[in-house]
Each structure stands twice: as C-alpha cells, then as structure tokens.
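Okay, so chain A shows up in both of these, paired with chain B first and chain C after.
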Partner chain A sequence: MRYAMAMDTSLCVGCADCVVACQTENNVPEGYCRDWIVENVDGTYPLLDLEIRSERCNHCEDTPCVRTCPTGASHVIEGGIVKVTHEECIGCGACIESCPYDARYFHPDGYVDKCTFCDHRVAAGDTTACVSVCPTHALTFGDLHDSESEISKLLATRKYKVLAEEAGTKPQLYFLT
Partner chain B sequence: MSKNVNRREFIKTSAMGTGGVLAASSMFTWVPSFLEDSVTPLLESHAERTPTVCEVCFWNCAGWVYKDRDGNIQKIIGNEDDPNSNGRLCPRGTAGVGIYNDPDRLTKPLMRVGEPGKQEFKEVEWDEALNFITEKMNKIKAEHGAEAMALMHHGTAGPHFKHLFKSFGSKSEAKPASSQCLITRESGFINTYGAGLASPEPTDVKNTKCLVLIGNHIGENMHNGYVQEVSHAVNRGASIITVDPRFSTIASKSKFWLPIRPSTDMALLLSWMHVIINEELYDKKYVEQYVYGFDELKAHVAGYTPEWAYTKTDIKPGDIRKTAREMAAASPSVIIHPGRHTAWYGDDTQRTRSIAILNALLGSYGKKGGYYFPEKAKLPAYPHPEYPHPHWTAGDLAKKVGYKGAIAGITNVIREASLPGAKEKFGHEYKGWFVVATNLIQSMPQKDKTIEALQNLDLVVVVDTMPMEITGYADVILPEATYLERYDVARVAQNRIPNIALRMPAAEPKGDSKPGWWITRELGLRLGLDKYYQWEKYEDVLDWQFKQVGSSLEEMKKIGVKQFDKKSKLYLDDGEDYFFNTNTGKIELYSTDLEAMGYDPMPKYTEHEQPEDGYYRLIYGRAPMHTFGRTINSPNMSDLMEENAIWVNPKVAKINDIKSGQEIWLENQDGIKSTFSAKVRVTERIRHDSIYIVHGFGHTNKKLTRAYGKGIADSELITKIKVDPITGGTGMRSNFVTLLTENPHKKDIV
Partner chain C sequence: MKERLFTSGRNMLDIDPVLHAWHWEIPAYLFLGGLAAGLVFFSSFYYLRGKEDKMPIAVKVAPFVAPIAIIIGLIFLLLDLKHKLYFWQLYTTIRLDSPMSWGAWTLGIVMPLSIIWPLLYLDDLKKYFWNKNIIIYEIIDWLEGLINDFDFTKSLLGWLKENQKVIAWANIILSVILGVYTGILLSAFNARPLWNTAILGPLFLTSGISTAAATIMWMTNDHYERIRFSRIDLWLIAVELFLITHMFMGLTAGTQASAEAASLFMGGPYTAVFWIGVVAMGLLLPATLEIMELIGFKIPIAIPAFLILVGGALFRFVMVDAGQLSRYFFQ
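Entry: the complex of A and B
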C-alpha cells in the first residue's frame, strides 16, 4: 500500500474549499491550516500563464521530518502516511526546519501539526476531506500499489511533476499539468 | 515573473488578528472546539445530521449539518441528491459554520436612541420592538396608505417578509440583486426569447463543446453547480473563450483569452454577428424555423466588421474571426454565457440582447450543450385569503420615470421615491422601509443618496444576522437567526431535475435571535392580519406543503432533497415546432417589443467614456471565499481572505512609483476618496488602463470587528452610475480612480 495524491492544476480554481474542509474536519484552529493554495503567474500581459496548486504535506517516502524528530513523535504509518503523535511532541520544531515543503506548523496547544491524509476517514474506507469537497474534482487520493486505482490511472496517462524534487525526499503529491 | 503567496505570513497575520477578537468577545459562552484538546473527528456515519440549504450565497445548495460528540456543529457537507451542489459545497458553504459562530452577531432587538447613522441603540425585548414597529406601520397606513411601505430584501428570508407586506397592502418590494445585478440580463433574454433565464441559469455547460464567457469570472465567482460543470468541460477539452481585461482564473484555463479594452464588449459581439452571418456560419435550419428579423439583423451588422471592432476593442481582426469560427464549429453545442452581474455601462439590456442573439444564430437555445429547458417542482403555497390590491407599486413608479422595460422592482426607484420632494416627482412617496438581509450601504451605488433617503423616512426596520453598516440607519434592528438555526421556505429551484429541499435548524438560535417566519408572523398578528397566518409554527406550513406533493416534513428531514420526474423535455427535438412567448412567436433578433416601447429594436454600438491620464477604470469582482460584503466578518472566511488588494499592472506601478504590499488609497473622478487603504498587488494579470479589487471589503462599522477597516469598498467609489434606459439597471463600471500614496484623511484627524 502506498497512499498518494494527485492534484490537477488544469482544473483547480484556487477556491480554498480544500483548506476549509480540512479545518472543519480536523479541528484545525482558526488562523492555521494543513493545506493551502499557491498561485504562480508567468509572462507579460497579455501572454500569460497561471498555475494554481492546492498543497499539503507530501507524505514523502524519504522523511527528513521523521529522521530529525528527537522523541519519535513524527512517524510513518501504513500506506506511507506521515503522522505526529501530539502527546509525544515536545514542539522543538526540528521537523519544521527539515521539511522542504513548509508543511508543518506549531499548533497553539504546543505541538506540531500537519496533514494526516485524513487517515481516520481512509481507515473507514472513505477519502480525505479535501478530496471529498473539491468542487472542480481537481484532487484524487488513492493507492499507487493498486494499478486499478484512479490515481494510478491518472499518473499512467497524464503529465505530472512533483515539487522540490531536488530535495530528494520522494514526495507523494503529484501535480498534473 | 512569479509570485508565491507566502503561506506562513498569511497564517501568522490572521492568527494574531483573530486571537484578540476571540479573547475580547464576551457575547457568547461558546468555546471554539479547537481550544479544547483536538480529538479524532467523528465519522459521518456515526454523527447526527440535519438537512440544510446554504444561505451563504443565492445558489442555495442543499447539504447536511454534522455535529461533533458534544453536539456542536462540526461541519457542513453537500447533499448528493441536490442538483445545485452534487454533494459538494463551495468553500463558503463548507465554511458556513462561521456564520453561526461569529461573535459579532446581532443577538438582541435594538432600538435607536441617537441620531440616524450614529450607532446609539438600546437593547429591548421583542415585544417592545414589535409593538413600536406595529404602531408606526399603522400610522403610515392611516396617513399615507399601506403602499407607502417598501421592502428591500435579499435571500431566503425575503418570501416571509413579502407575504407580510402583501397581506398588509404593499407590493413595493425590490432587491439589489435585480437592478444592480441581473435585471438587464433577464430583460435582454425576455426581449429575444420571450423568457428570462432565472437561477441557476439553464446553460448546459456539462455537455457544451464551446463556452464563451464575457467578463464572467467563473471559478472566482463560486456558483457551485456552474463551477463544477465548467471544470467538467475543461477536463473534457471543451474550448473556452474568455473575454476579460483581466487574466482571470478561467482565462488561464481558456483556449482563447481576448484581453478586451473595457466597455467595448458590444463592438466585439456585433462583429462576431457580422462574421457569423457573412461567412454563413449560422445554423440556417434553426434560423429559418425559429427566428424573426434575420434580414434586418444582417443589414444592421454589415458595417460592424472585425477591422472596425479592432479599433474599439484592441482585439485583432484575425482573433475575432478565429473565435467566431470556433464557436460556430461547436454549434449548436455552444454557449455564449449570459453572465449574472450584467449592470455595467448603461446599455446593458442591449448588450445581453447581443449575447441572446448570438446564441440564436448558432442555434444553441433549447439544444444539448447550449441552453436546456429547466423545470421547477410545483409546491403549492399554504392557503391564505386573497391579498389586498394596492393602488400603486414600485413597478408603477419605475414606468412613470421611463423604465418601460422594468421587469422587477427597482431599488433605486424606491430610493428616489423616498427622497424629499418625491411626491411631486412620482405622485407618491415612501414613508417606511424594511431592509431584510441586504446591506444597502454596500449593495447599492451612490451611498449618499441611500443615506439621504433613509434619513427622510418615518420608519426604518433592518432585519439581519450581523451589524452591517445599514443597521446604523435603522430605527429598529431585529436580530435574525442564521440559516443553521431556522426553518425556512422550502427551496424550489429550477434545474434539469425538478426538486425540493428542506432547511431546518441544526442548533438553537443564539441569544435572542429569531427566524424570519417568527418575526413576520408576530408582526402580522399585531397588525391584525391573523387571517393570513392560519398556522402556529413554520413546520406546519412545510408539512402541509410537502404532503401536497407526496412527501412530508418527516420524510424531508431524513432525505433533505426530494427529486421529481421531469415532465417537460430538456431539449428541442430536431425541427420540433416551438412557440416562443414573443409577439411574433419566434426568437426576435429584431425586438418588436423594444421597438414599440421606443427603444432600439437591434443593439447598436455606443461609445463609452475612457479614463483620463492618471486615472484607471475601477473593475470589481468576486473571490471564491466570499459572498459580497456579508461574509467578510465570518471567522472561517476572513481566515481565508481578510482584505482585498488593489491589482495594478507593473507599468502602472512604475509610473506611480508603487510597490506590491504598499498601502494606498483610491480617489475617484468625483473626488471621493476611499475611507481606508488597501495593499497594492502588482500583477501582469490586469490591463494597464484598469485596476481591480474584490467587492465587499472596506467595512466601516466597528461592530464588525474582523472586517472593520480591512481593504477598500468599491461601492463607495461608484458614485457615477449609467442607468439602463430600458430596465433602470444601474451600470457601475464607468468609474475611474487615481492612486494616492499619502493618507488623504490625515488632516481630518488632526
């Protein structure tokens, strides 16, 4: 099992529904978020390109955040989902420093928090909150080891990229272009 | 050039801003669930849920409200049987819980103790507030007639108040959503097809091969079902043609983006007609069977060549021809989209008529991938005696001042007829207003006129959930319960599948707020209108209505949305006889009605003013996470976007020596300066002759603690309006602004 997410930049309008859905699903405190929107503009008027991305933890295969965690709070569970055990986290911030994607934040209750790929929903056979609300169907979550999964099919047929590939962490967020 | 939004900065800023607010507020004992230990969220299958219909925008999607283990509202998600949402809400619907949790909400009836416009009120009990209103209404009725009461409204509470007003004897009601938004579009289609479009628009985007958007920034305006279908179309590879001076989100997903010079859309539309007719690209069979006035139109557009249009629009003749051919190639599965907010330049009925005409030439109306025939479920109204017949209405006044094509009540006519001296001009005047769920200070242009009218009235009642600016001018403020706390009229929206949807309370109303049905019934009984209120609770009305269509309140509580079989056809068959509701029974390219009323029977090009040196056209629009001004203060939504930015082209930034992030003020052609500043966003996405801001920001009421002073209100800079002579629609895109780097209000403070 290898969970991953594909994000179709050709469909995303940057509405941030994924951000709110995550906040309400996971009790993310106001002013914080586990996923976010990035907008890139290229060119000069009127020859322009715009790419909008919904970003979150890349649930990397090679995890500097887990390696640098002094207490073992940051860990990997089945399917490659990277999680933080809040009770074991001392809030030192080493993982935040080591993450090339800026995907973690200090929760006001004193621990580090991040995207969990909604593992509580996934364990119950459902998909992540962000995927379930996306009005443009730009997000797809699934198992890369299952060649019949929607995400495997998308990655087999579409062009895609990952972010900060040079960091060498083998990120599992695929941006369809 | 690339711009990365720095997430950390955005998050930190809003965290600091909002933390203080929560600490300072003592209005509610509610504690946000995140202040408690975070627990694993409850799975939907285990949680209690109640059906709702979203009220964050007029799309009114149906959804489910889920509660957490403690019985607090956790989240709201879409109802899969709802054709407006297809089970997926937009960010505002998902964030709807913030509307309920907002600590700044109105929770107690308030009565004025000070001058109008000054926020001096005392808290009173409902009895006192309602008795005061009753007394004033009876006095107005005795002295001026019930007709002298006018209702301005928006949203689902409207029908409750309309019923009250009609029972009382007034049919003067209007919403800014008409004259400031879509009245001109409806008129354009009525005068062509004999029918308006209504909401949600019956455009078959799901099946279209070519979608043409004129200033329509779908994706930034988050009309849910429409966004979903556009995304579907993009994914299928349908070609999209976007006409916009701004590189909008949808422009970036389009096969063609035509960066038009603002205000010249009519030239483009007429030259498209020219190409389609001259190159014989139109649907000949369709035109022959269904259309009236083709030869007249052909002669009319003969001179509107792409070369001529280029001189107006800045769009190259080759691109005009190429896009005309592109849409013709998709015929009849092509949509030249009508848009929604179409009150732009004062010739707006005629511009939307051009859009209607293009669709007719390409045979898309009534065809798959074009415009479908929607159907509405028929839900009988709860029985009541006949309403009294008023001697005059707002519609009569509109016609009196020349808007012969006015198809709905006009807010600005009601405003005119409430100013000193109105009686001489109209023969009648308004003495009292109810303003329900619409912040007229922001939703109507020419704020000063609105304020003058408000101060001239004997009674102003404002019904709202939030202390919007309009509340400052009320004699009485009535706190309405939010949509998550009330039963409401059932949603009966047109769609491909007829359906009804239920909104019911998921929580008790906060404080002393009350649902609209309760407020109007209480007033009705006090006004002696008992016979119009032969029910006790709104559940009784709903249950009776649902039983007439084979359901019940009990069933609707379980399913939220009920679909019915469609009785009429979605599309016209090939060659099917069809009678259009116009004078000729055909689609009128040449409008006999407009001609009879003394207007141009075919759209003409009108030259509109362009900005002088140093001034830029003020263009405003929407952001996906906000609905006008009313969500700006909402915790979840302000978290996503707490202020607007002023979009400025890099060349303009250079000339004005301003940088991204710099706070500047705007001053318009009439010397009106923005109350607040906003940050500059230097971006290639906007033309050099325009600036762009998102509408709804720049709130001036300090009681809106999150929204106060954040960003600039476009509405205060829209002092020049270009009125559509046919409908009275108020064109708002003819205002020009200059950029001020120094605070123009400094000396006022000293």
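Entry: the complex of A and C
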C-alpha cells in the first residue's frame, strides 16, 4: 500500500474548508494547523497565472524527518503514512528543521504534531477529513499501488507536479495542473 | 519572463514564527561542544607525544574546562527541548541516522571521561590556581582531600593514572567524533540549503579546535607553549578562511535555493554580522595581532584569544539562525 493525495489546483477555490475540517477532526489547538492554503500569482501582466493549493505534510517516500529524529518518535506506518508518537517525542525540533515543507509544528504541549493522513479514519475504511469536506472535490486520497483507485487513475491521465522536488524527499502530494 | 508576483503563504501566527525551531541554545551547545572537543584533543595528543612538560597548560590544566563546557552544553540542549520531561528518551535508543542521537550519546560518554583527566592532575591545577583564584584552589584542595580520604578512590585514581595511555587514546577518538558531530549536525538537514554543504562539518571542526587553541593560549604563561599555540591558531584561521571561501563558492554556484541561501550573506540580513563580526573581528584581526606578536610586538594575548572565542561563538549563532531562513520556498 502507498497512500498519497492528489490536489487539483484547477478546482481549488481556496475556501479553507479543508483547514477547518482538519482542525475540528484532529483537535488542532487554536492558532495552529496541519494543512493550509497557498496562493501564487505568476507571470507578467496581463498574462497572469493564479494557482491555489491546499498543502500539508507530503508523507514523503524518503523521510528526512524520520531519519533525523533521535528517539524514533517520528516513524512511518503502513501505507507510508508519517506519524509522531507524542510520548516518545522530546521536542528537539530536529524533524522540524529537516522538513523542506515546514509541515510540522510544536504543539503547545511540547511535542511535535503534523498531518496524519487521518489514519484513524482511513483504518476504519473512511477517507481523510479534508477530502471528505472539499466542496469542489479538489482533493483525492488513495492507494497508489491499487491501479483501480481514483488517485491512480487521476495521475495516469492528468498532468501533475510535486513541490520542491529538488529537496529529494520524494513527496507524495501530487498537484494536478 | 515568468515572475512570481504574489504568494500568500500559510499565515498561522502560532506556527510560522515558531518554525524557527532553534534559538540560542543550539549554537551555544555547538560552540561548547567544539571547544570541549578541542581541549580534550590537545591534552591527549600532546600527552601521547610525551610533551606533558613542554605543554603544561594544554595537557594538565586546560582540560578542566572541558567537563564544565560539556555539562553547560548538555543543560543548553535540555533547555532547547520543548518536551523536556521526556528527554531521557534520548538515551533509550541509539539511532545512527540521527546526528542528534549519536551526538547526545557521544556527549554522554565524553562527559564522565573528561572528568577523569583533570582528576589526574589535581596537583598541577592547584599550582595553577594558587595565586589566581583562591576559591577554585580551595575547591580542588577539598576534592583532593576527599579522594585521599578513601582507599577505594585513592587506588582507583592510581589505577587510572597507570592506564592514562588508554584513556588518552579513547579521548582522542571521542573528541574527534564530538568535534565532527558539532559540524555535521547542521549539514544533516538537507531541507535548509545553507546547511546542506559538506564543508560545514570540517569548518565547524576547525573552528572548534581553534577556539580550544585560543583558550590554551590565553591560559598559559609558558612562552614556548604560547608561541606554539599562536602558530597552531594561525594555521587553523587560514584553513577556516579557505573553507569559508569554498563554502560560498559552492553555494553561489549551486541550485537556486543554495544561491538564495548565500545571498543572505551577500547583501542579505546577515552580511554585516558575518563579514565584520565573524570574518574581520573573529578571524582576520586576531590573526593580524598574533602575527604581530610573533614578530616581536607586545600584544596582550587575551585580546586575540577573546576575539577568536567570540568570533567562534558568533559564527555558530549566525549559521544556525541564517540556516533556518534558507529554504526551498521563498514566500
């Protein structure tokens, strides 16, 4: 199994429903978030290009955050989901420094927190909170090893990119363009 | 030309400034680690070469600074942790992939070892502090009395003295690991383009040894030893300047991300503090003063020594701080 997420930049309107859904589902403390919206305007007037993205941990294939964690609190579970065991985390910040995507943050209680791909929902056969609320269906979550999954089909037919590929972490958030 | 006109990044006030995860504790810890590594290295190195009497301060006296530096460094490391009560988990696993992990282990092993060395030279330490600092003298005297009070501690110390060669070899190996670690710690973080260079390891190692040489130079009043360490220091400064040049050549010739990282020092916010504070005041000026001293001018040795120590500390502060500003996204 290899879980991944596709994010259709042509559908996203930047409503931030995914952000709020995640905060509610995962009890993210106020003032913090595990996913967020980025807007880019590229080009030279009048040829402008607007792109809106919903970003989160990329659940990288090659995980610098897990490698640099001194205690093993950061780890990879079935399906390539990257998680943090709160009771093992000493809050050293090594994983925060090693993530090119700034996907991790210090929870006010001291440990490091981040997107879990809603593994508790996924284990129950459901999809992630952000995917389930997106009003434009810009987000797709699924298993890349299953060629029949919606995400595999999207990636087979659409053009896509990943962010900061040069950072070398093999990110698993695919942005459909 | 395609230009980025506007980007709205994440704007979570509780996260985004905090993502600057490392503050003063980590650079201070790296500085103290490098200093201790250098002191331990010099003492064991000259001891093994039979220079105990030619380099009295380096072998017998200066190493007492090492355990103090390491203990303070470990306290700083602890202060840096956000989940402090769980810090012991650092010592329940060894993860060789994680420099934080093997560094914490190395420090944990070097610390007790570095206490042994000064214990072998209590007499010399007493002599050194006799007319310098009576409080330290009294403490050492009390410690010596305590050791002599018990047969067990007395014979243990005798046994350690007999095996000093073994301890010296262990010290050499561990101090090299410690010194290299203070450098590699940062370059293990590929996500920060400024740190993502193989030169940072040797550069921090050299700078650490140089701060140790400056400390010895400052403490000694033996002419031969002072000249010796002045020379060593000059060489180390030359190597540092060479490595710094290379680091910037590598960064500016690299990817866009690393070029942006270099620009933090070339017109960016760290330009003045780096070139004036670290390079001019911390390397070039002390080098000039030392050369003047070597050719016969009277320069109080404390001045170049102090500049080197401050420069070495500042260098780590700047690198840790600037590294966290360098990234793959420029929002």
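What we mean here is this: the second predicted complex is superposed on the first by the 175 of 177 C-alpha atoms of A that agree within 3 Å, B and C clash if a C-alpha of one lies under 4 Å from a C-alpha of the other, contacts with A are read in each partner's own complex, and residues count from 1 in each chain.
The rule is short, and it goes like this: contacts are C-beta pairs under 8 Å (C-beta built on N, C-alpha and C of every residue); 3 or more make two chains touch, one makes a residue touch a chain.
The model shown is predicted, which means the values in this text are computed figures rather than measured ones.
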{"item": "Contacts of A:A164 with chain B and chain C, given as first, second, both or neither", "value": "second"}
{"item": "First (chain B), second (chain C), both or neither touched by A:G91", "value": "second"}
{"item": "Contacts of A:N27 with chain B and chain C, given as first, second, both or neither", "value": "first"}
{"item": "Touching partner for A:P46 - first (chain B), second (chain C), both, neither", "value": "first"}
{"item": "Which superposed partner A:L139 touches (first chain B, second chain C, both, neither)", "value": "neither"}
{"item": "Partner chain in contact with A:S10 - chain B first, chain C second, else both or neither", "value": "first"}
{"item": "Which superposed partner A:C60 touches (first chain B, second chain C, both, neither)", "value": "neither"}
{"item": "Overlap of chain C and chain B interfaces on chain A (superposed complexes)", "value": "29, 31-33, 36-44, 48, 102, 105, 109"}
{"item": "Chain A residues touching chain C - in the complex, by the definition given at the top", "value": "29, 31-33, 36-44, 48, 55, 64, 67-73, 87-94, 96-102, 105-106, 108-111, 163-164, 166-168"}
{"item": "Chain A residues touching chain B - in the complex, by the definition given at the top", "value": "8, 10-11, 13-17, 19-21, 23-33, 36-46, 48-50, 52, 86, 102, 105, 107, 109, 120-121, 124, 126, 132-138"}
{"item": "Of chain B, residues touching chain A in the complex", "value": "1-5, 7-8, 10-12, 14-19, 22, 32-35, 37-41, 43-45, 74-78, 88-91, 94-95, 97, 219-220, 222, 224, 227-228, 231-232, 234-235, 247, 249-250, 252-253, 257, 259, 624-625, 635-636, 639-640, 649, 683-688"}
{"item": "Touch list for chain C against partner chain A, complex", "value": "1-10, 12-16, 18-19, 21-22, 80-84, 86-87, 89-90, 92-93, 95, 97-101, 104, 188-192, 255, 257, 324, 327-329, 331"}
